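Order as written gives the chain letters A, B, C and D; numbering starts at 1 within each chain.
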Amino acid sequence: MGIVLGPNRYGKAENRLLRVYRDTPRHEIRDLNVSTSLRGDFADAHVTGDQAKVLPTDTQKNTVFAFAKERRVGQIEEFALTLGRHFVDDIEPVDLARVDIEEFAWERIEVDGRGHDHSFVRTGPEVRTTAVTVESGAAWVVSGLKDLTVLKSTGSEFSGFLTDRYTTLPETWDRVLATSLEVQWRYGRLVVDWAVSYASVRAILLSRFATTRSMALQQSLWEMGRGVLEERPEVAEIRLSAPNRHHIAVDLTAFGLENPNEVFHATDRPYGVIRATAVRDDAPPAGPAWDV
Amino acid sequence: MGIVLGPNRYGKAENRLLRVYRDTPRHEIRDLNVSTSLRGDFADAHVTGDQAKVLPTDTQKNTVFAFAKERRVGQIEEFALTLGRHFVDDIEPVDLARVDIEEFAWERIEVDGRGHDHSFVRTGPEVRTTAVTVESGAAWVVSGLKDLTVLKSTGSEFSGFLTDRYTTLPETWDRVLATSLEVQWRYGRLVVDWAVSYASVRAILLSRFATTRSMALQQSLWEMGRGVLEERPEVAEIRLSAPNRHHIAVDLTAFGLENPNEVFHATDRPYGVIRATAVRDDAPPAGPAWDV
Amino acid sequence: MGIVLGPNRYGKAENRLLRVYRDTPRHEIRDLNVSTSLRGDFADAHVTGDQAKVLPTDTQKNTVFAFAKERRVGQIEEFALTLGRHFVDDIEPVDLARVDIEEFAWERIEVDGRGHDHSFVRTGPEVRTTAVTVESGAAWVVSGLKDLTVLKSTGSEFSGFLTDRYTTLPETWDRVLATSLEVQWRYGRLVVDWAVSYASVRAILLSRFATTRSMALQQSLWEMGRGVLEERPEVAEIRLSAPNRHHIAVDLTAFGLENPNEVFHATDRPYGVIRATAVRDDAPPAGPAWDV
Amino acid sequence: MGIVLGPNRYGKAENRLLRVYRDTPRHEIRDLNVSTSLRGDFADAHVTGDQAKVLPTDTQKNTVFAFAKERRVGQIEEFALTLGRHFVDDIEPVDLARVDIEEFAWERIEVDGRGHDHSFVRTGPEVRTTAVTVESGAAWVVSGLKDLTVLKSTGSEFSGFLTDRYTTLPETWDRVLATSLEVQWRYGRLVVDWAVSYASVRAILLSRFATTRSMALQQSLWEMGRGVLEERPEVAEIRLSAPNRHHIAVDLTAFGLENPNEVFHATDRPYGVIRATAVRDDAPPAGPAWDV
């Protein structure tokens, strides 16, 4: 019997980078949260304490900021690919790099009906994301969004479900359906108009959520995922995670009032969690598992 | 020497209310976080444990939901006034009520170029607020917003400041200025088009932030506050609180790179905090202090 | 009619300071979050943009770290007084300084039955606080704690309360009472053994919470506050704020089970909020109001 | 080309359960956050909207609370196994269940030198966790802890590391090392004294952290993980995730002060992230991957 070192990785998380493009008086900004993580020949760092193959996380941070100047940022998928390839190609002990980026959206402040040159206001709350994995000669891009919060005030039911002795939930054919979506979609190729693809996927998700008469959140997620795959050939697989933010119709009968689904209490916990994946049956294989 | 009961109050915080208006197939929704708090003749509840004059916080919660059905919600200022007046007028031991409401904004999901009838997506991140104080025969409305995050990529300087032996900050004539605004404005009267006033104050704050060449965040706040008072006669006083979210230009010289204000590290802590008030010299007096 | 600058202040919030005392191999550490805020002759900074009287918040930060070295830290009340007096006495335009400090508690890691010399583990979750206000020749110390979470599994009732048409809450003579305390106590003098006083107040709060048969959270707060004033002559006034973290006994009758207060659902929102003050009738006056 | 449903699961997250044992006047409490998640024959729920095989998440919630009464809670590993086996054995469409539990620690309030019968105070901040996966006839238990925050004020270095053109970090032979540990350990068997094992693993982690002269956080993690496997035969594998909470020695030379590692600025972001695994070379296989 022996004890061995298993999977390991290290990196620098949450480098908060603002990149300003000021080539003209009409500035552009990109507001990012960049995390890097490396795998490779790092057993000595753990087992003997020898750091000779370890590129400091501080250096990874410097690289993020230097590359933001040297190579510009572009779309977050491009920036993550550039960083990941650098670590794998240029740092000898590194076999695999993962770069995660969150992007926070801003729009120009409107002054006299026109967007201002260098003043901006945050929009949101949703956040655009990408997770790029790079090996020597290969790369995988999984982009996504989180905190996209949606609600239907009707057009949602939940009935005909399985019951057991612990079931007390009544069936309903009209309820509020609300969730805060976290979605990741894996691209089947690396030549993509990332900005167009992101905007289109987001619009499809919202539209399918709106137009699906929902038998359950499961069905809504499937329809949203299927819709993206139908309309966006560059996407190979999509995973959706959705907390079911329960809105409980308040019982007002004690006060002599009816409540035909007009007044709801929005609850925090517990909440349902539904996760589903839609995938092409000819999708290329996913990247290396990220199991630690 | 004796020990006496000083200021006290009690209430129900964070009633998360969703109100759906479904009089037509084109639904409207209002998503609120309502907190109530009462002052009055409650010494016995503390000192002897006698609860005979205490209206349970559970009842306050029920009242919020019942009123949402019975009286509808309207603008948050109206709803808060209605609730506050009820507690003061109808519950004998109550001398003073305060109702705080946060409103979360939603917009219709766009489907085929048109807003959907009953499907919505959260916008933000900013939150609209009101704090209404009611006494018998009197009321004060202080509305506001929070988490309105703004940034200027130029047009901001900080120079000519006081120095001492602990000062190392260099002067700058071009920096990034970023803050997450929390603003409250006190109305001088109770007959107001609340929705119009809110939208207008928000637009003025943004516009003045954008167009002020800023010598310091202090000056930006003053210009924003002054702008609101100049343009909105219904506002008697305005208070602005602004963390200075420092963006530090990264020193890239070690990598042979210049950084003419293009690459910044957005820091979390510490941050500056600037608070300022603009007030009319003939403003009516503020409401009772809320000193506990 | 004119528009004038009202109350204003500025400072540096959340300087995260770790002070290590390593005079001997047995190190001591103090882990603090220090915020400073200044009032004074700062109208020009707002109105004309002239910063000549403004000591930068960056300098305030430097002062915190430099004083931690030069003057050591000692108890947080001492460190706050030292910083506050420096700003008022040494920086000409400053009339009033407020210094807020949070202290995070650590204990030595136990190795072979003995606390280690230089390895520590965080305890908590409660946080010790102080808020010190300094004017020329005067100072006020308000210390406290927050996030002290307590629970009684019996010995708490709520009955005999006022009812109206919106009341549905049943009376109870046995319930779970849980809260996360936030307490501030104002000292009546400045010569105090701060560490002893803090530990003693904390112990009194806990003990009174435990031994009071509670007719309501109001009564528990009063007994806790009164207990501190009875036993700690250095304390002039004490304010307690307590969310009532409702624990709802789950109705298990549908499953053929009784639930004699054994199984509870701990709810998040809404929650009750109770605030109360106990004060000596001969307490010296409080410091300047902190009204912006 | 077709689009198919991939991995999916659903459940009820964050059931906040307080269990009071009141068989004698000396009460015991267990404060838990329980999440359940099910996999199985649920394709119809997604693809056709037919919910006939879906046990509602509301029923899962009811089951958690009912079992807390019927079967008592015991150690969190036992409670999770009981719940997981119920879902797999008794609910026909379920192939696999995962139950995650967080436990929050409380201790008795001390009154007159003795722990009170029914009054408690939260300790922390660390949280005990378990994640149990159950299939028909098999189960895997992965227990852990999170938010265990530790710091060494000396005995940590970082030198001899790899450098490239983006490296500016100086070597150091004496630094502050601080992290907030998140650790999971997989048990190799199901007959374990869970309480003893938890307490022992926690003590080993702390002790090894304290006594390891650290060449890097990597080495500290490895020594901690190895120590657990050496001393606890019931543990087959252990994974440690540790943010490197950087403490930067403040440069005080501008103020004429030396800073021999006495005054530090504790930073928030970015932070290093180190993850490592120690595993027995004869460890039994892990449970099914949890890949969505």
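Rule of thumb we're sticking to: contacts are C-beta pairs under 8 Å (C-beta built on N, C-alpha and C of every residue); 3 or more make two chains touch, one makes a residue touch a chain.
Because the structure is predicted, anything quoted here is derived from the model rather than measured.
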### Message
Over half shared numbers or under half: where do the identical copies subunit C and subunit D land at their interface, same or different?
### Response
same
### Message
Going by the touch criterion at the top, tell me which pair is linked by more C-beta contacts: A-C or A-D.
### Response
A-D
### Task
On C-alpha atoms only, rotate subunit B onto subunit C and read off the angle in steps of 5 degrees.
180
### Message
For subunit A versus subunit D, what separation do you get between their C-alpha means, in angstrom?
### Response
23
### Query
Taking each chain's centre as the mean position of its Cα atoms, how many Å separate subunit A from subunit C?
38
### Summary
Chain centres from averaged Cα atoms put subunit C and subunit D apart, in whole Å, by 30
### Message
Residues touching two or more other chains, restricted to subunit C: which are they?
### Response
15-16, 62, 66, 166, 168, 254-255, 268-269
### Query
Which residues, counting only subunit C, touch subunit B once they are in their complex?
1-16, 35, 37, 42, 45-59, 61-63, 66, 90-91, 93, 158-164, 166-169, 214-216, 218-219, 221-222, 226, 229-230, 237, 239, 243-244, 269-282, 289, 291-292
## Note on the structure
Per the touch rule above, subunit A residues touching subunit C in the complex are 165-166, 168, 254-255, 268-269
## Note on the structure
Note: in the complex, subunit D contacts subunit C through residues 15-22, 27, 29, 31, 62, 65-66, 68-70, 106, 109-111, 116, 118-125, 148-155, 176, 203, 206-207, 209-211, 247, 250, 252, 254-255, 257, 259-268
